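Next come two complexes built around chain A: one with chain B, the other with chain C.
Here is the complex of A and B:
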């Protein structure tokens, strides 16, 4: 318990400092918020267009798609808020930026993730929230404790899965020592699998994203559950399984990071 | 009591020889000319609590690599390190809690915010009690005078101020051991003076053990009783500066200006040159003192002026680096 309080207090201080740092450069903030709004509106417009043209997507109607899209954007926003630092992992390896964290008596990954807390990521979520509430309204989602819990579990699980994949890709830089990384490619993958129903893909792709690279658990299965589409074989809610998948993936990625840290060679004099 | 123990420490790097041109780059994908380079090659030493040790060597000798292994940043290829009985490889966090490390060419201060913010953050990370924190801050301010710029964003500080900030930051949690890697690099005389003063005082006041990596031989002369020289990954000298000087340059030179030209010899000194009224004598430190030599010679002829020349420390260290040191 004491340890959690300790980590929480340091996280709070780091977060406050990151926000202070960002506020030193206000025009960047404004520009970013504007760009994000445009991005998500266009994204949603695309879906609307597709549905209007083809009637349904993977068997999903317009309302369900809106809800799915909203959930996807929300979990994307959360992942960006907590884990966007991972995009700089290769840079840190090559430039020796981990030294500072290693010299302090705390976990390196923890310090690294909170080093530059991404306040802007929250703005990513504003259009997402709008679409989400729109989607909720369209599917006439009952506002009860169960649904709220399921939604929270889904978001938590989805964020952990995304974060885990990013940490995994970033940790590879301990071996490749290059400044390039797969994170944008992976980001595109996240979008394709979480914004649209899995059923639009061939069976083998569906299996791939269900079992091998469990991205379908970010939104698809939990949302299917929430919208009560076709009976689930397992008595446990999909959102809970999704959270479990996320936790396991996250633990594995952290493990990879730790192994990679042993190979760290620092840089400079 | 040994607070630092290093035994048979090795750090090996894999160096892939890269070939030129596009053909070379493609060839490197399939066939690689791999060489193993030892940045640190089987070194061992001990440091007693409260010592100030200078760790010097030419560029690329392995100094920073050693310090990084001692502080848990790098994993050794082989060998053992014990800091206050704990291995930084096995229990990094515990070791680091008692360590203060400053790399002269890198800063741990938050670039965008005021200096004080980093201090606050460190207070939390090291879980420093309020009372101790205030006392340390006051003590460090006496030495570094950072209250003048504690509210300035770090990016606006001069190098000297930033260095003082980094040194203070490293000491906030009262570590018993300090690793200072080039702390005076690029500093003006005033800043160098305050850094050296800090090292002396913190060592005297708190008995802090200090390992100082430096190219500034002034630092070495002023601060360190003990000197470890590393070159090409191996330790070539480990002892006091005085003993090194005695071995490499045991002779001193005495320049005497007489009132009238005189050729005066002395059994314990070599008369190197005589030019009109100026005579230069070479003598060994352990055979006769300068004072005695002057006294003896003055009995024979009145002396107008004296000058004593010591071997330059730069030359001594360069000789040491080359490895041509008589035992």
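Here is the complex of A and C:
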């Protein structure tokens, strides 16, 4: 108990610090707000234009797509807020940046994750919320405790899955000792799987993203469930399964990070 | 005289090709990302068409071709010049670039052309083969269309390069670019028709966007390639494209003089 309290206080202090340091550059922050608004709002507009021309996409109407897109941008924003440091893991391994964390009497991954609470990630949330609320209105989502809970579960699960994949890819550099970065590849994958209905892909791709590399749980299955697009075979809400998948993946990634840390050998001279 | 200058630019392009060849992992990861993108976009269009014939005058087969070639073009149109100017201004090495007896923008263009030469063999050719194997040969409307496509692509390349250089020159004033470059990337991606052609957009939006320079970089060459335009229409659009190319050249020339005057060398 005392330990948890201690960790929480350190996390709070680090978070405060990084927020303060980000606020030192207000124009950078404004620039990111603009950049992200342009990215997501215009990105969504093009999907709308296509659906207007074609009628639907993989059996999904434009209203449901808006909701799916909003949910995806929100969990992307949350993942960027909490896990952006993981994009620099290969660099930290090669440059020996973990030395600093290893010298302190706390978990390395914990310190690393809270070292840089990324306020800029919140700028993703602004357009995310815009599209999300627009989508909610379009699908006439009933505002009740059950739906709110399902949405929160989905977001938590989606954020964990994204973070887990980033940590996993970053941890590989303990073995490869290279600064090779998978961020772009993973980003492209996330976008394609979580913003569009999985049903547009061939069956084998759907199976791949459901079981082997369960990215379909970031948004697709939980959202389908929330919108009650079809009667579910499983009695448990998909959002709960999504959160479970996220938790398991996150735990596995943390495990890989720990194993990798044993191979960490700092930087030469 | 001109030849000796050309030799300098060719040398810069050659160095660029050699350094790019040194990174094997980059090549593999670039090709994988682009394949992924190509596959996802192909699925997207297949799902959207879902067996229906023509939408906005274009069939599913043409749209698959459009997407495949667009992804390949994206690799050839990667512009290093914005980042190059920003980092030279920040580090102050722009002063050294300016001391050289050749035009610095000539050097930057030579570097980008060198990168394009590498990208052609390293990514464009493999992607063309993979794309053909997965989704069928992305065949052009006719051999005449291919020639017109290449001309249009070349002019589009210059427009794209000058836009990138103009943005890069902001760095002379602002020193740090921050997210401006991302904004340009998104705007470019969506307004140039590289992902979704503008003929699917509502008419009002489409007419405005077709007057902007962006559409001349991707959509015009691609539209020519798949035979979307009649010859009369092609001519009209090419005139507009050349107009933009000339206009940007004039702007580029004017801004370049101002930028040189604003150079600020940091530190010693």
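Simple rule for what comes next: the second predicted complex is superposed on the first by the 267 of 269 C-alpha atoms of A that agree within 3 Å, B and C clash if a C-alpha of one lies under 4 Å from a C-alpha of the other, contacts with A are read in each partner's own complex, and residues count from 1 in each chain.
Throughout what follows, contacts are C-beta pairs under 8 Å (C-beta built on N, C-alpha and C of every residue); 3 or more make two chains touch, one makes a residue touch a chain.
Bear in mind that the values here come from a model prediction, so they are computed numbers and not experimental data.
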item	value
Fit or clash between chain C and chain B when superposed on chain A	fit
Contact breadth on chain A, by residue count: chain C or chain B	C
Partner chain(s) touched by A:1 [first = chain B, second = chain C, both, neither]	neither
Chain B versus chain C as contact partner of A:212, first or second or both or neither	neither
First, second, both or neither for A:266, with chain B first and chain C second	first
Touched partner set for A:100, first chain B, second chain C, both or neither	first
Touched partner set for A:9, first chain B, second chain C, both or neither	first
First, second, both or neither for A:17, with chain B first and chain C second	first
Least C-alpha distance (whole Å) that remains between chain C and chain B when both complexes are overlaid	7
Residues on chain A lying within both footprints (that of chain B and that of chain C)	none
Residue ranges of chain B touching chain A (in the complex, touch as defined)	13, 64, 68, 71-75, 92-94, 96-97, 99, 101, 103, 105-106, 108, 110, 112-113, 117, 120-121, 124-127, 153, 181-182
Sites on chain A touched by chain B in the complex	6, 9-10, 13-14, 17, 20-21, 24, 96, 98-100, 102-106, 262-266, 268-269
Complex contact set, residues of chain C against chain A	25, 29, 32-33, 36-37, 40, 43-44, 46-50, 52, 55-56, 178-180, 182-183, 186-187, 190, 195-196, 200-202, 205
Chain C partner contacts - residues on chain A that touch it in the complex	27-28, 31-32, 34-35, 38-39, 42-43, 46, 49-50, 52-54, 57-58, 178, 180, 182, 184-185, 188-189, 192, 196, 199-202, 205
